[in-house]
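There are two complexes below, and they share chain A, which is joined by chain B in the first and by chain C in the second.
Take a look at the complex of A and B:
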């Protein structure tokens, strides 16, 4: 499962793309929990969102690992 | 009257003339524009420049959703939204929104709506560079 990192998420992980073990993550909520466990600094940014196939995803969305997934920290465009 | 929509994310400097010319329309009596520029001071700290990063394909999709909603909510004719990415210097435009409509009220309201929604939902991130360091805006715990 590949996960794109933007903004602060790239600083926290040190990577622009994470390559995760699919078996530990099957929903968006599990992905968020996995990220917080792997990178405790995410705990401070509870409002980060996950995008799946370029749309904001709810926590209960099921992931099969083939989607385009991205970590979306609080946005600040404009 | 076909409505026209122009959404772009650009690393080159923006130009108000481009947005203005896109929305200019013989059927319209008014154009409203919002231009977001880079300012030198934020909360007493001196800024040297900004950098914007975008998740471009998703940002384009989100901007399309916002523009589609604006077309539904307000009687507007044409919409043009350009957002800059990369390094942006003081006084340069970071975002330009232009809206045309038959009468002025719809343009005012749509332009206001679009910039507010852009700031809430569009996956673009601003990094402020100060004299003594840099940080992502909205990402301080």
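Take a look at the complex of A and C:
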């Protein structure tokens, strides 16, 4: 499962694309929990959004691993 | 006649024409924050002939702003909104400019934003973004959202006209004070200009009712890869916004409540106070030999181990220290703790004044 990192997510993971093991993650909520466990700094930015196939994804959305997934963290600069 | 007019080259465009130009000339736009995003957006909207532009910013330009806020020089003593207002008057005297030299807050927002056709939210302050968002959603005022981080930026149009129109809370439900600012992580100047202009573009298209707006969409742009993605959003936040607005103070670094002290008071009674800087390590400047430095995360410890004098905490401009002090006084009720108004810049200013 490929996950694209935007903004701060790139800084937290050190990568612009994450390659995740599909088996541990089958919903958006599980993906969020996985990310927080793997990179505890995500805990601080809990409000990050997950986009699946270029659309906002609710927590209960089921993932099969072939989607285009992106982490969209909040940003405040101006 | 059109051929020689100021707006002739845009009137020639089918989507604008004379009807569109009249719409632009009759429009009123508010720009909250006249920094990297707001200043460029304001200049281009003024160029296009927006009838009336309200500029809101209480900040004065700083030399570290200028690489991305190219309409200032960093030596000014007036507010960004005042200076930008003058630039607009020179660029296009037909635009009526309204200047507000205070930061937007819950007390003045009603007077400043009610009745405008569209608002551009261009601040770098997370609580201001939620204040403007919530107010505009409640009052059905269209809002163009913009935000940047390093090389990336977001833009969206929150139309606030129909029940299902998405706004900021549908994307990021709660403000997150942990989000670092440009001064902490750095910012690429081009992204500020690009996102600011994209905000102006969304505003103009909305006013003209042409093209496809970013309503219910979030555009992301990244400079290093030149990649742009448009994400579809949906309504999923259904809390009673009016109730939340009533209960929320929307205070943050720029308007936290904390006791402040003037630079003159500190300098003239220097030995009465313990002075601690919370500027980022690389930027820290000591006022004198006795100035201490502390990491913000370690400030509680720094205070506990200090001599029992009143404490003055400063940062570069007095905004971060204000929010630090506002937190500290809650857990240290018996200590006298002040934030230095205007920060290190105010110390420098006062010193150079007394040297004259």
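Everything that follows uses one rule, which is that the second predicted complex is superposed on the first by the 74 of 78 C-alpha atoms of A that agree within 3 Å, B and C clash if a C-alpha of one lies under 4 Å from a C-alpha of the other, contacts with A are read in each partner's own complex, and residues count from 1 in each chain.
Basically, a contact is a pair of C-beta atoms (placed from the backbone, for glycine too) under 8 Å apart; a residue touches a chain by one contact, two chains touch by 3 or more.
Just so it is clear, the structure is predicted and the values come from calculations on it, not from any experiment.
Peer 1: Regarding the shared-chain residue A:45, is it in contact with chain B (first), chain C (second), both, or neither?
Peer 2: both
Peer 1: Tell me the contact category for A:72 with respect to chain B and chain C: first, second, both or neither.
Peer 2: In the superposed model, A:72 contacts both chain B and chain C.
Peer 1: Quick one: classify A:58 as touching chain B (first), chain C (second), both or neither.
Peer 2: Second partner only.
Peer 1: So which bits of chain A does chain B touch that chain C touches too?
Peer 2: 6-8, 11, 44-45, 51, 54-56, 70, 72, 74-78
Peer 1: Could you list, by residue number, the parts of chain B that touch chain A in their complex?
Peer 2: Where chain B meets chain A, its residues are 36, 52-55, 57-59, 61, 83, 94-95, 115, 118-127, 136-139, 141.
Peer 1: In their shared complex, at which residues does chain C touch chain A?
Peer 2: Contacts found on chain C: 33, 35-38, 122-126, 129, 146-150, 152-154, 170-174, 176, 178-182, 185, 187, 192, 218, 220, 222, 229-234, 236.
Peer 1: Going by the contact rule set out above, which residues of chain A touch chain C in the complex?
Peer 2: Contacts found on chain A: 6-8, 11, 44-49, 51, 54-56, 58, 70, 72, 74-78.
Peer 1: Considering the complex alone, what residue numbers of chain A touch chain B?
Peer 2: 4, 6-8, 11, 44-45, 51, 54-56, 70, 72-78
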